[in-house]
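Each of the next two complexes has subunit A plus one other chain: subunit B in the first, subunit C in the second.
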Partner chain A sequence: MELKDKLMSSYLAFEEHVDLDNDIHEVRNKAIKFFENTGFPTKKMEAWKYTSLNSILKEDYSIFPKKEDAIDYKDVKKYFIHDIDTYTIVFVDGIFSSHLSSTTHDKIDACLMSSALDKEKYKPIINKYFNKIVPEESMTSLNTAFASEGAYIRIPKNVAAEKPIQVLNFFTSNEAALMVQPRNLIIAEDGAQVQIIERHQSLTEHPVLTNSVTEIYVGKNADVDYYKIQNDKITSSLIDNTFIKQERDSNCSLHTFSLGGKITRNNLKFYQHGENCNSTLKGVTILEGKQHVDHNTLVHHTQPNCESHQDYKGIFSEKSVGVFNGNVLVDKVAQKTNAFQSNNNILIDDTASCNSKPQLEIFADDVKCSHGCTIGQLDDEALYYLRTRGIPEKEARALMMFAFANNVLSSVKIPEIKKRITKQIALKLGVELGFNL
Partner chain B sequence: MLKIKNLHASVEGEEILKGINLEINPGEVHAIMGPNGSGKSTLASVIAGNEDFEVTEGDILFEKANISELSPDERAHKGIFLSFQYPVEIPGVSVTNFIKTSINQVRKSRGQKDMPANEMLKKIREKSALLEMDRKFLSRSLNEGFSGGEKKRNEIFQMAMLEPKLAILDETDSGLDIDALRIVSDGVNRLKTKDNATLVITHYQRLLDYVVPDVVHVLMDGKIVKTGGKELAKELEERGYDWLKEERAEMSS
Partner chain C sequence: MAYTEQELEKELQNKEYEYGFYTEMDADTFPPGLNEDVVIGISKKKGEPEWMTQWRLDAYRHWLTMEEPNWANIGYEKPNYQAISYYSAPNTKPKYDSLDEVDPEMLETFKKLGISIDEQKKLAGVAMDVVMDSVSVTTTFKKTLAEKGIIFCSISEAIKEHPELVKKYIGSVVPHKDNFFAALNSAVFSDGSFCYIPKGVKCPMELSTYFRINQAGTGQFERTLVIAEDSSYVSYLEGCTAPSRDENQLHAAVVELVALDNAEIKYSTVQNWYPGDKEGKGGVFNFVTKRGLCEKNAKISWTQVETGSAVTWKYPSCILKGDNSTGEFYSIAVTNNFQQADTGTKMVHLGKNTKSTIISKGISAGKSQNSYRGLVQINKRAENARNFSQCDSLLMGNKCGAHTFPYIEAKNKSAQVEHEATTSKIGEDQIFYCNQRGIDTEKAIALIVNGFSKEVLNKLPMEFAVEAQKLLEISLEGSVG
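The block that comes next holds the complex of A and B.
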């Protein structure tokens, strides 16, 4: 059976387990109809021109995992940021794992989407926020149709979350291929502050396909600092759809570290809805083998006096493929916008490829918008300089690539993450360097 | 220590060095002077092993071993250091991390273990003080946004850390104000021992007032046309290079 057909019939089975009277059901019904009409995205669509899902859609995915496979904390500890105190929301094969998690309702909510969707007391919030900024697209609709579990995080007005929140998704399915569709809702109310770390990690050799949707609401003068760690196995693919709505005077910064996985597609859209918003989108992508990462970003400036900073760096070797499609849209009223976009790529081998497509649409006339995209090799003169200091060519190359990628890390605010990613990058570049990691 | 015999080198098919002979012994300071475009910087690059230049004839011997085929890093491991005329900016690598990597790679090539962290720190403190460098400077990205003087001080700081046997200073004085020139040349002088040697490449005599050479060579059109003592530098400063050109023209006619 084709995956689409399987999903359609699975939806009918899914309906038997959910409350049909819930308002959400209407939303789900509408979404599945949209998906039924459009199907999966294809390369014929402009936004998917460089990324084909064909190779991952042919698997016979199991849509509903049976039960949580028990995993020991010690086996997965390395995937946690464990050297600092955090709240953790952990899912195994899409199902909440209480023994690996430490959730909270004390001052803030860091808990489950399933309770938020089902419990009466969350109803006003769900009605206000659920699926309100998600564009109607094939993959997002598919997620919405099956939306039932994920992280629900709410930071009330003027509260700063005391510790970062980790959202981890593990996959253990050892019988068949697995498809999961996490649905996350994050609300930072006016003046709230929160740091979130999200990771998807397969522990199995079987194919895994994740199609996740995350909605992030950043209230007035609130601050959200978000990190996505994508360093999965070559059998796992991820379609990440993240949508952010910012109110006036708010900050939102999102870093994406793409270091592994088969096909990773990041649909990241920022919608600014008030004056004086600041949006930061940064990414480091380091790939080899046949890995494929596609960053599709949008910053929509709809109000005056806002800023956005986009900086994505990529290093591609062997047969890996990188795609960057960065959109900046400045409405006519959004005067004094300051939008910066940069995408720099290094191709290590002739067999690697990179497609970089910046798109700026500016309708205001008093703005500062700059963008630059480069695809190149390492600077020979700099390599020579390092070599005259006794650093052999291989190490000199690694040091330069490290420096190139490391520049993005300067804006990482959690030192443990910076340390970890730095180490990952050094490890990935295959060289131990004699400097502090 | 360094012996260059009939060295010819070209870049993109154009011959720049046309038969250089040069011998430098331990404890000596040599200066190479000459007009722009005479091949001074090319000579420095060829000794350091820049692969953009092709050695078409002749040999470079360092401590009696032919190093013509060695890579720049292998030459550095043997104790050759080049202070760049235009040091390259490398964003994302701090001065400290860079010098640590450099020192430990050189040690590795000699079969030594990494320098212990406290020893490294002590050495960095000592040598940066020698060059009157600010502590903050050490955590900045290598050469990025450095002024001309800071770049050159940073070059000599690296030299102080690496303690080479042969240091080649390529136009180290260019673009320096008088204070920076004093700091840089003091640094160079204090690093001088009876076992190491210095090759100063300069267009002007100014630096040679501070770093006094034992031997001065004049390079013109890819050849050393005159060799003398430190007084030759003064003569060049007063008379320029034209009289040497005329002298050569007379000789050849």
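The block that comes next holds the complex of A and C.
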């Protein structure tokens, strides 16, 4: 059975388990209809020109996983940022795992989407925020139709979350192939501050397809700092859809570290709704083997005096494919916008390839917008210089690549993440770095 | 007295299209509509051989299966292809041997254009092939060229007299199934220019074609084929205008360049089709396919100044097939009022050590939309390919838009690709500085725009550069907000 048909029939089964009187159900019905009409995206669509999902849609995915699989903390400890105190929300095969998590309702809410959707007291918030900034697209609609579980994080007015919040998704071998659709909602009210780390990790070689949607609302003067760590198995694919709405004077930065996975597609959209917003989008992609990462970003400037910074670096070797499709949209009224976009790529060998499409669409005249894009290789002379100083070629290459990615790492505000990513990069490049950053 | 904004606006509105006149001439026009009979009719009318008719029919049949592309960042009412007349020839055939015999009215037309043939004759030895409503009226300097073995004539003449060359190269760069407009052109092209430069010959003068759409309700489908044999050089100029009309006129041309080993082709265009009035009514739809093929060590350089047309859809491209070949693209696109331009280039690197340079300057004013769309593709075997792209946009007023859509694809590790783009406006301080020095606002803008486009203007042949500079000024007059 085609995956689409399977999803359609699963939806009928899904309806039996949920509260049909809930307002949300109307939203779900509308979304599934949209998906039924459009189907999965194909390469014929401009936004998917360089990424084909065909290879991952063939699998016979289970849509509803069986019960929670008991995994021990010690087995998965390495995937946690465990050296600092954090709140954690952990899902195993899409189902909340209470013994691995530490949620809270003290001052802030860091809990489950399922309870937020069901409980009466959250209703006003859900009505106000749920599915309000998600564009009607095939993958997002599919997620909306099945939206039932995920992380729900709400930071009230003028509260700074004391510790970072980790959202982890583990996948086990319970199913031969698994498709999960987490739905996250993050609300930082006016003046709130929060740091969030998100990770998807498969524990076995079973195929996994994650189609995740995250909505982030950043209130006036609020500050959201978000990290996505994507270092999954070669059998796992991720379609990540993240939408951010920013009010005036707010800050939001999002770092994406794409170090592994079969197909990883990041749809990242920032909508600025007030003056003086600042959006930062940064990413490091290091791939080898048959892996594919596609960054599709949008920053929509609708108000004056805002800034956005996009900086994506990619290193590709052995048949890996990197795609960058960045978009900056500046409305007529968004005067004095400063928008920067840069995408730099290194191709290590001829089997790797890289496609870049940095776009600017500008309707205001008093703006500073620029973009730059390069595809190249390591500078031979710099390499030679390092070698004359007694640094072996391999290390010299690693050093240079490290320096290349460093721009992006420098804006990471959690030192533990920085350390980890540094280590990961060193590991990937196959060298011991004789220094700590 | 200071020049107020209102005055500027008024002047802008009153600025009529300078070339908007219509020459009354008997024209032999086909009734509107397109079917196989029309295609065969055009072919017969031109006395073409059987293979050409067949080729046209092939293209036509394929065209029927195609859909009009709509991916470009332009919005327009799709032309009704059955309401267009596909052939229109001034009725004053046969051809003339000397200028004296030419219909005086037609000569007057050229005079109004400011390109009177005799003047052009004197001017720096430019040889012209004038195409009016798709039929080549006169070819100047033919004899001088013939001495060198250069063939420069209309394509219909070439089909008759040099069928072996045409047969070999036509459709070799832009196949007749390439895209919707190229297929349409292949089926119904009425005339165009043909140019052949033999081995080792450096063409002593700039070759030039001037296009004009005269008759109402006609489409212009010209086809240009330039072949530069080994180690030859040619510089080719093309200019276009159309009278102002309320309805939209269609222009779907195909230009093919073939640069064999060590050859160099420089192709410059000044496009000034009627852009429509200030309400956005009328104007030419310009859907052009231009492509060049570079063999070993060859070089193709496209330079274009686009100031006209209601809608422009044009991507002069280079296929860098041979090793060490070079492709260049220099462009200025100016849009005003309701004009829309989606233009750029494609650089396809196939050979080793291939280089390409893209400099694109977009200037948008009024309510216009100006897009750069470019592709740089480095294929697997293209070792040491190098590309540099720069796209700058200048916005005048807050009702226009500037867009950049670069596509960059690399499959070779030794590739070096750079792309840069900026968007800005004319600074108030820049204008203030000029005002201080006694330069009025209008002149100051012209000065700044000229400076902005200098890199491209410098690439144009002398006479064209002067004209282009004037065009820039005319198109942007009073458009600062």
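The rule is simple: the second predicted complex is superposed on the first by the 434 of 437 C-alpha atoms of A that agree within 3 Å, B and C clash if a C-alpha of one lies under 4 Å from a C-alpha of the other, contacts with A are read in each partner's own complex, and residues count from 1 in each chain.
Definition applied: a residue touches a chain if its C-beta (ideal position, glycine included) is under 8 Å from a C-beta of that chain, and two chains touch if they have at least 3 such contacts.
Not measured: the values here are computed from a predicted model.
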item	value
Contacts of A:18 with subunit B and subunit C, given as first, second, both or neither	neither
Larger contact residue set on subunit A - subunit B or subunit C	C
Which of subunit B and subunit C A:402 touches, first, second, both or neither	first
Which of subunit B and subunit C A:370 touches, first, second, both or neither	second
Touching both subunit C and subunit B, counted on subunit A across the two superposed complexes	none
Complex contacts: residues of subunit C adjacent to subunit A	71, 378, 380, 393, 395-425, 481
Subunit B-touching residues of subunit A, taken from the complex the two chains share	379, 381-382, 384-393, 395-396, 399-400, 402-407, 433-436
Sites on subunit A touched by subunit C in the complex	46, 332, 335, 345, 347-350, 352-377
Interface residues, subunit B side, partner subunit A - complex	48-52, 71-73, 75-77, 81-82, 84, 87-94, 96-98, 100-106, 109, 114, 141, 158, 162
